[in-house]
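Here chain A shows up in two complexes: once beside chain B, once beside chain C.
Presenting the complex of A and B:
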């Protein structure tokens, strides 16, 4: 960051220059910061709004967006901003839990598959193939029912169905690293297996793992919303984005556009933030682009 | 003494033999060349000597004992493609010091600039990376060096520069070397003995010593003589 080559044709002058926007690396860091700020904002907003807006106030039902109710109110007079923020918070929690479980599963299975010989490799690949050939939504519904339904069903289904793609990536990374000339050379230079795992393998795998984890977030969140939208799992009064969206379907023709569009846009914004976060951290951690 | 006894290798348990019955003996401080056209298994042979691969047949002995499986291997390889033999995520200073801290004199003689050490591999050229790979392999524990097409991708001046540094190091420390190359002039220049492998039909098992390629003068030898043997 200290030595940043300034492009001659930089579009950033004055204030943008002051923020370091003429430097690519600083721009990436800003984007990461803004995304993290959005997530912090969701938590802050949820704490600030409290749960008062979740109670029905029939006097103010079906209000269009205004200063008092920026996202409007629903047919029961509940504040849509509060409900949306609560829904996003729930999505964040489910997403965090699901992507943590899925990525740890992927790490364990991927490393085991590449390290413990052909039998383990065959079993893991077979599992990955099975999970990948079943349509994801069908798989989610099946697991959700098998886990007993309810909100627990949704969480289990989302958590245990997102690991196959990342498992494949980690498996191929480990296989490639184990065969890499510099890893074999390290062995001949007297490094122990443990040292090689720590110094050569881990620094390669960790960014892959973290980026995989972050990029699992949007999938998990959207699948949670999709399951809620279909009416599987969460109870109808839970403020989840999927439930808000499915409720809004009933009011689309009556012109209450804010019921669907604003929570939907908020969900899209959050998902896009995770996407930007993952992509930018990827660029920052790759030595080929890190010093640009 | 580094010995390969009746060495044979094939990929998998039923693949065709790449070579069989290879014998070679390299004494301390001796520089031996291995010459042959592409695809004969010269690189694989180097990997067997360096302990990168386990032989399918025969043994590799160092001073009468097998190569150590763990710990610093006294036989070190320098590979043909330096960009594959350094970790792309490590700054080169770390790669250089992976096994030991190379003395300034060695770095100077190889022409390694201090500024390279804070860079990543993709920011250096192949020749620069190869110098670092060479310095890394010349640790105090190295008794034999397997140089597999070590300078094939470099221009003549850089090639001469690196080989001069390596030969000086080998002479001063009694390090033996196997130089694998298909550059006859280079082998004639460097090696006291060159083993040439036959053509496509002969394979590596038809290895014979080429008396005509002996130079004995080492690197300081006459240019005209090297040119003569190449022709």
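Presenting the complex of A and C:
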């Protein structure tokens, strides 16, 4: 067994010791692995279940959760597990697209505002200010209306509204790096801009950027679900978690609790996984906390 | 301080100007035809002449820049236009709806502040105990909970299973708004406000706990302990006084999230406030109302941030008023 430099105070015995749970670094790695496993599980479930559960089977309407239908069935006899997994998959896709677009926007704007002088900086700060003064949900409704509603509206709104916070982080990071002694020294030694960017800036920015990207996921997914829940965008036939929840509102008083509770819980689990993934990778990749 | 407030006011005006230009631009980009959105299901009953009349009455036959100057000019005179879905001046709609939401938001705001603060202080004072662990777990769990799902959960438990609270709206069905008794209003307010405050609590807990542990590990806390002061005394005389003002400041800075949360909570509980109006304006393409709500909510958030900023400087004189923007 490898030696652990960072023993957790409460020692694990037996099986926990074997897995390395007495070591904080190994624990972080395990948490990352479990989260990745959950995502793989969603894909595997989606592939395994197919789309057969999306068709109505009126013979099996409104069934409570059982072995055949772990999440129960809805008033049209559709399998709620299949619909939930499809919804999660949709959320993953929208989340991926949104965090990619938003984080690239944040990178470009953040680097530009820190390097291209005062005027650019003022404009970018101005934009960030505007976007941060309007409540996020109101902004999402406005943008999705501007993009013409529908599923396109939701995707555009979620993709183009999550950049301000990350822009601020990247801007201050670049400003700090530019003032750092080793960067100034490298410049005095006659290194080109490109060389400085590649050897001194990028290794600092890349982890920040990637972790920012992962931590955008939960926000993007929750906002997509919120917009679908409000009825803005996605058509009522799409199996999205927000739509499932707003449908379940109509069957509240009949006591079919599983229609809303289980898909929502699944969504929350996925969101938490992204959160754990982001913060743990952050701790592992940062040399100051990696060996804690 | 006076010059700070003046600068802040100037900042607000320029910000509002920028927000209106941006939003008007966004809305004019929209491929949704306002006449189509207004006509809705009656699309086959309305002939081309009628459509033209509607477009003319709304000024849609003019180019966007001319429309913007007309709209902005009216706005400066305090005329926000007429809401298409409510057929009332936008400011009246927003005013009425905002009063309804205000009760909901302020109750949730106060509740989440008080409960979150108490839990945060308890967790920080008893760092490392099971109480601390469970409070932290609770805060962590709630940090990612979708507001609307939580509302649904509360509805199922308290309204459907236990039948303690009404299932929707701000008043019992069939009762005129003027005849609603105080108790009925409170009963209808309870669940939406609880939903909103339970979600808001976790940030308050995390922040308060962090500040609390800082104070409990400080030199002056150690000195007090050396003089024979016990933990409750340290918490009362040293910790809480240092922690309460940053917590209030933070509470003012989160008005944007409160506003967004109220949109979702109002949708779950069919509560007829500003949040519902926002959703309806978005879904049914009521441009004047949507723009009005965007501007009003921006002022709301800006006011919260300004109060937070002022409090911050009043509490901590080291920061000063000069460099404030």
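We take it that the second predicted complex is superposed on the first by the 280 of 292 C-alpha atoms of A that agree within 3 Å, B and C clash if a C-alpha of one lies under 4 Å from a C-alpha of the other, contacts with A are read in each partner's own complex, and residues count from 1 in each chain.
Going forward, a contact is a pair of C-beta atoms (placed from the backbone, for glycine too) under 8 Å apart; a residue touches a chain by one contact, two chains touch by 3 or more.
In this text the structure is predicted, and so the values were computed from the model without any measurement.
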Partner chain(s) touched by A:184 [first = chain B, second = chain C, both, neither]: first
Broader residue contact with chain A after superposition on the shared chain, chain B or chain C: C
Set of chain A residues, in rising order, touched by both chain B and chain C: none
Contact set on chain B toward chain A in their complex: 50-52, 70-73, 76-77, 79, 81, 84-89, 95, 98-99, 120, 122-123, 136, 139, 141
Chain A to chain C touching residues, read off their complex: 126, 129-130, 132-139, 141-149, 218, 222, 225-226, 229-232, 242, 245, 248-249, 252-253, 255, 257, 260-261, 264-265, 267-268, 271-272, 275
Residue ranges of chain A touching chain B (in the complex, touch as defined): 180-182, 184-186, 188-192, 200, 203-204, 287-288, 291
Interfacial residue positions of chain C with respect to chain A in the complex: 15, 18-19, 22-23, 26-27, 29-32, 143-149, 152-153, 155-156, 159-160, 167, 256-257, 259-260, 263-264, 267-268, 278-279, 281-283, 285, 290, 293-294, 297-298, 300-302, 305
